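The following pair of complexes shares a single chain, chain A, combined with chain B in the former and chain C in the latter.
This part shows the complex of A and B:
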């Protein structure tokens, strides 16, 4: 038997669907998949500014498209994905950022994560307030 | 030694990840659900004169540009690095499609926002 045949007969652990084998990997993939939602929303907004630049009829067409059931369904999914992204982003942050030392003590992971979530809540309230204020 | 360009993409990924974590949920809710449904925000919040006046302010224009481009660069960087996990070879073609896509979004958004005027 030549070497090539030996290699091809060697057992190769099938990797198909590997991430479905462990809840830890499922959470990892769900986290990474939020990037699809972030990209989709960037595209939605890009189309929006292009339609706005093209004039009133084009803009109204974009607004009309946003009112379609498919768009509402898409944005409901995007909303859930954005929440998952915000939740996991700040859960990972203590592992990705440099240590913060305040008063000689290292700031704990839970404190960093909760601060991030609090910042998201504050930013969301601020955006909604601005949108409400712009309505006049 | 050739300097790596990786930190630039990583920085865009980090900045976009942070911005989308802070603002993504509220933005999707406002533009994708609240305004189209007319509740709890009024359905006429984004009428053409209002949207145009908003996008003509330099601050709002900059905000839209930063949101669109950083979201895009964050997303493609993350998608590119996940390709291997789903069995797609992350070679030169995948790199071109991912980062080229973000570059295209950046150019299209910049041209549109500039042509809206000030």
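This part shows the complex of A and C:
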């Protein structure tokens, strides 16, 4: 939309297609799009809870559906998207936090990002350990 | 071939409101030298080729913040951007993105100045203080809380990097919010409550979607994205804690 101020005749450039103008904006949009993968996985899990409430047959049907090739493909795609999601958010995380001073020195952005990854690794290992322990 | 024989093509987005309804690209050929800045290339155009070209500049040393423009699509101070890094050319120069163009490379900064005034960008003492009471004292830690944000030179490159400002010109924007934080984070200042209204507004920190490009293009390493996003926490606290304290969380 080319809006023009009545007095100064200043020219306002259109914003159409702004996100394609710079690779930085494309990466930003990719980061935002991975939120849809988070939503998709939340829906898959919610369906699982609903099926569980409907009884054993429904629950087993859901488990069966998860083993289908399409489901495995979907989960592979969702996993990649979740990793991209985590990576991009850990990169922006230092920008969202107040200054952290430990021992008189400011904690750097790279340290904050690495802490995010460390927490992810610890949580993932804990989850896999619990899953393995429950399946024994 | 020596530098004296070389030349480089410069393309400038021209807009002369009395002459054209929409901006048009115009090409100039400028003598090349290894130390030619984009600003010097424009000055050569104005002095030798076309005196009608309009652009702002002042200090030539990246401190006045006047010469910001889009160079090959990226927000940059033209005085510290060198043509040698942009070879073989042509170098495409356009007015700072997201601002209305008044003429050629000159943008309208009225909105920016209005926002800057609205955040009271000066120290508001907690209590009246006389000269006899002497200077304020701060620890290095207290200084560090705001020092980087005080480096802002109001060049508005961060606004040209912010799509949310482009989509909504009412967004207070990265530079002004970083300066708001600079004063709120200063231990000598008592004006926080007066500034929270700007910060809490929808056009305040909440219009930011953490694109983060503002911090990439800042020539002074202010990191406005950090100032804006850490204040989302302060804004949320300010909102919820008012239920606990009648005076609000100030």
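The rule is simple: the second predicted complex is superposed on the first by the 117 of 136 C-alpha atoms of A that agree within 3 Å, B and C clash if a C-alpha of one lies under 4 Å from a C-alpha of the other, contacts with A are read in each partner's own complex, and residues count from 1 in each chain.
Basically, contacts are C-beta pairs under 8 Å (C-beta built on N, C-alpha and C of every residue); 3 or more make two chains touch, one makes a residue touch a chain.
These figures come from a predicted structure and were not determined experimentally.
Q: With the two complexes superposed on chain A, say which partner A:24 touches: chain B (first), chain C (second), both, or neither.
A: Touch status of A:24: second partner only.
Q: If you stack the two complexes on chain A, which partner ends up touching A:15: first (chain B), second (chain C), both, or neither?
A: Once the two structures are laid over each other on A, A:15 reaches both partners.
Q: Where does A:82 make contact in the superposed view: on chain B (first), on chain C (second), on both, or on neither?
A: first
Q: For A:106, select first, second, both or neither according to whether it touches chain B, chain C, the two together, or no partner.
A: second
Q: For A:95, decide between first (touching chain B), second (touching chain C), both and neither.
A: second
Q: In the superposed arrangement, which partner chain does A:39 touch: chain B (first), chain C (second), both, or neither?
A: first
Q: On chain A, which partner's contacts cover more residues, chain B's or chain C's?
A: Here the partner covering more residues of chain A is B.
Q: So which positions on chain A get touched by both chain B and chain C?
A: 15, 19, 32, 96
Q: Residues of chain A touching chain B in their complex?
A: That would be residues 15-16, 19, 29, 32-33, 35-36, 38-39, 41-46, 48-50, 52-53, 56, 59-60, 63, 66-67, 71-72, 74-76, 78-79, 82-83, 85-86, 89-90, 96, 116, 119-120, 123-124, 127-128, 131-132, 134-135 of chain A.
Q: Sort out for me which residues of chain C touch chain A in the complex.
A: Touch list, chain C to chain A: 15, 17, 22-23, 73-74, 97-98, 100-102, 108, 141, 144-145, 163, 166-167, 209-213, 215-216, 223, 225-226, 229-230, 232-233.
Q: Please name which positions on chain A make contact with chain C in the complex.
A: Residues 2, 5, 8-13, 15, 18-19, 21-22, 24-25, 28, 32, 92, 94-99, 101, 104, 106.
Q: In the complex, go through chain B and note every residue touching chain A.
A: The touching residues are 14, 16-18, 20-37, 41-42, 45-46, 48, 50-52, 54-55, 64, 67-69, 71-72, 74-76, 78-79, 82, 85, 87, 105, 108-109, 111-113, 115-116.
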